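To start, the structure under review is shown below, and the notes come after it.
For reference, chains read A, B and C in written order, and residue numbers begin at 1 within each chain.
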Amino acid sequence: MNPSQIVEAILFASDAPLKAEEIARADDSLDEDLVEGSIRTLRAEYDEGERAFQVVELAEGYQILTRTEFAPYLERFDTVPRPARLSGPALETLAIIAYRQPIGRIEIEYIRGVGSAGVIRTVVDRGLIEVVGRAEGIGRPLLYGTTGKFLEHFGFQSLEDLPRPEELPVVLRDRIPLVDRPEAESQQVDLDFDPEADAEAHRPGESVGESGSELSRHEASNVDVDGGR
Amino acid sequence: MAVTSPLQDEGFFVVEIERFQGPLDLLLHLIRRQDIDVFDIPIAKITDQFLVAIRGIQARDLDNAGEFLEMAAALVRIKAQMLLPRRDEEEEEDPRAELVRRLLEYEQIREITLRLAASEAERARRFGKGYVEPRHRPPLLDAPLETVWSEVFETALAITVPEPRDMEHRILLRAVPLEEKIDLILLTLGRVARVEFNKLVSPWRGRLHGVMTFLAGLELSRRRRVRLRQVRPFAELWLYRWEETSEEPTVDGGQED
Amino acid sequence: MNPSQIVEAILFASDAPLKAEEIARADDSLDEDLVEGSIRTLRAEYDEGERAFQVVELAEGYQILTRTEFAPYLERFDTVPRPARLSGPALETLAIIAYRQPIGRIEIEYIRGVGSAGVIRTVVDRGLIEVVGRAEGIGRPLLYGTTGKFLEHFGFQSLEDLPRPEELPVVLRDRIPLVDRPEAESQQVDLDFDPEADAEAHRPGESVGESGSELSRHEASNVDVDGGR
């Protein structure tokens, strides 16, 4: 373990630039001069070995950074499109919307059994679904449907082309009302409670405005009960 | 009580029980530290030790007190089953079998957990690049979508609407102090000479009340304040006011003194 | 600019493991084989030059990490970020998920003997496990599996690196198929005990009318579950 190796390890793993005197604190064997000497050694070694990185001296101290001439490769690495696939939840949400459109978030959540606001946004961002209208009733919840891009991407002329075999779940094949009991409203709240979904990803601060969203759920379930689209 | 383990000291447990991940961990500890053959667990002894170990757990407001109590109830049930004459030795599984499976499985998981902790520690000895230059990342939309229709369609075929959840599952478990149940039993037996177990439990919903009432019954039987009596297996369990003259067999507790 | 320099620049500018095929995106001249070859070159050069870091195979990819012998200097250095260690319950839960994936919460709790919703949430939040599907049956419970970040955290190249059950000094040799055990589920129902309600949801003084906050937590979770992919 020689001084320049210790200096290299510290410079590499530090998340901030370091002055020589700070690096020297890493070990009793080091002092400022030794650190400066080590940095000169490292620079020579990096030059000689034609490394893609170098020790840079900034106002705040030393840091190992990629040489600027490699910037175009980094940029290309970042921007070459990565193949993208829909996640399981996104596939499920898209399937429900494709077959039951126009459909609101509450109904999607009812069928999936978990909250779906985030996944709906993902599929909207992908350009496969869009807001196609609003339901009646208080709050007038948004209704989603598939886009032209959806048809284009999956090779359909129109929505008539979607296969509707016998095996398709009834909930997708027929537009049966999702909630048909008089106690629909309270039932809905109960069903919506999914401890697992909760377990997945509760982030602090996101639970603001709960009463609003709860209200809209109720509204939407009313739409469903009454309209039964 | 014929508890002979060093675990009898309650003070020891007040300190110790927090250390255990849960009832399986505690049970495994009791078994392993006494070199007990896990395939032939002396269930009466272990049950007693377990009950001693968790005594007072309610009062200390542990997060997982309910789970220890559930295990206590399961042990007591197995213990009771062990006392029954086995009608058909061939077909009936040892009442302890499932517990043994769980214990062994848990022990294996615990071993893996130790290995994972070691791997984690080893991995933590390496450090990545601390500073990575911030770069602009392209928005998700730029990436071509590779998902094909058959994936969407297969997902559609698999969709089912979930059944309404069983309301029973939504009842929140609340702390049920043992003392409360002890008082309830003593109060009741102050008025009548005997009472059905179910009568004591029926006013409450939630299985924990049953468990706690049962444990209270066991505790009082240990203190020789009540006798537990059951005419035949799975028949109604009765709690009797303790009379010095009573000699009849009990299902649990009283006879071991 | 030779291939190994480009590969080095990309590896150096990343704080997570990269797969060879990903690195190849940096330039048209690269392909997977060239990247693998370049990494062999870099390894030899780092060894020869006695660099403080090396190219490590991790999580089915590659990352430049410091050599273990520098840990004593780095562990207590202010500007070197330290990875947070996992708690005992989190490790135990991960052990179960790693070996039994895909696995649902109820099975995890049955094996551990304690409610696990909170600890599952913690490891999901840390990106170590994710929802990989849903089981059949009532409620279609979520199933969890380990992520690439799990491999990263424990320094595994793949799940093959997990200790094999037969290596373990435990009596049990035959894997007990939990799924085949009817008791696994009925036990829960039979005891009518909801460990989640106990350990997670119940707070002293909270009334039964909690559905509002449950809803909102549930709602908040969507974003994370589905949005990030």
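Here are a few things to note about the model shown:
Heads up, the rule we're going with is that contacts are C-beta pairs under 8 Å (C-beta built on N, C-alpha and C of every residue); 3 or more make two chains touch, one makes a residue touch a chain.
Quick caveat: nothing in here was measured; it's all calculated off a predicted structure.
The chain occupying the central position, as judged from C-alpha centroids, is C.
Most remote from chain B, judged by the distance between CA-atom centroids, is A. Taking each chain's centre as the mean of its C-alpha atoms, chain A lies 39 Å from chain B. Averaging C-alpha coordinates per chain places the centre of chain A 17 Å away from that of chain C. If each chain is reduced to the centroid of its CA atoms, chain B and chain C end up 29 Å from each other. In chain A, 9, 12-16, 66, 74, 82, 88, 113, 190, 193 are the positions where the chain touches two or more neighbouring chains simultaneously.
Under the contact definition stated at the top, the residues of chain B that touch 2 or more other chains are 127-130, 133, 135, 160, 162, 165, 170.
Contact residues on chain C toward chain A in their complex (touch as defined above): 1, 5-6, 8-10, 12-13, 22-23, 25-27, 45, 49-53, 66-67, 69-70, 73-74, 77, 79-81, 105, 117-118, 120-121, 124-125, 131-133, 139-142, 196, 200-201, 211-227, 229. Across the complex, chain C is touched by residues 21-25, 38, 63-64, 66-67, 70-71, 73-74, 98, 101-102, 104-113, 115-117, 119-130, 132-133, 135, 160, 162-163, 165-166, 168-174, 206-208 of chain B. Those residues of chain A whose C-beta lies close enough to touch chain C in the complex are 1-2, 5-6, 8-10, 12-16, 18, 22, 25-27, 45, 49-53, 66-67, 69-70, 73-74, 76-77, 80, 82, 87-90, 93, 113-119, 121-122, 189-190, 192-203, 206-207, 209-211, 213-214, 217.
Chain contact summary for the complex, chain A toward chain B: residues 9, 12-16, 63, 65-66, 74-75, 78-79, 81-86, 88, 91-92, 94-96, 98-99, 110-113, 125-128, 153-156, 163, 167-169, 171-172, 178, 187, 190-191, 193. Here chain B touches chain A in the complex through residues 127-131, 133, 135-138, 140-149, 151-153, 155-162, 164-165, 167, 170, going by the rule given at the top.
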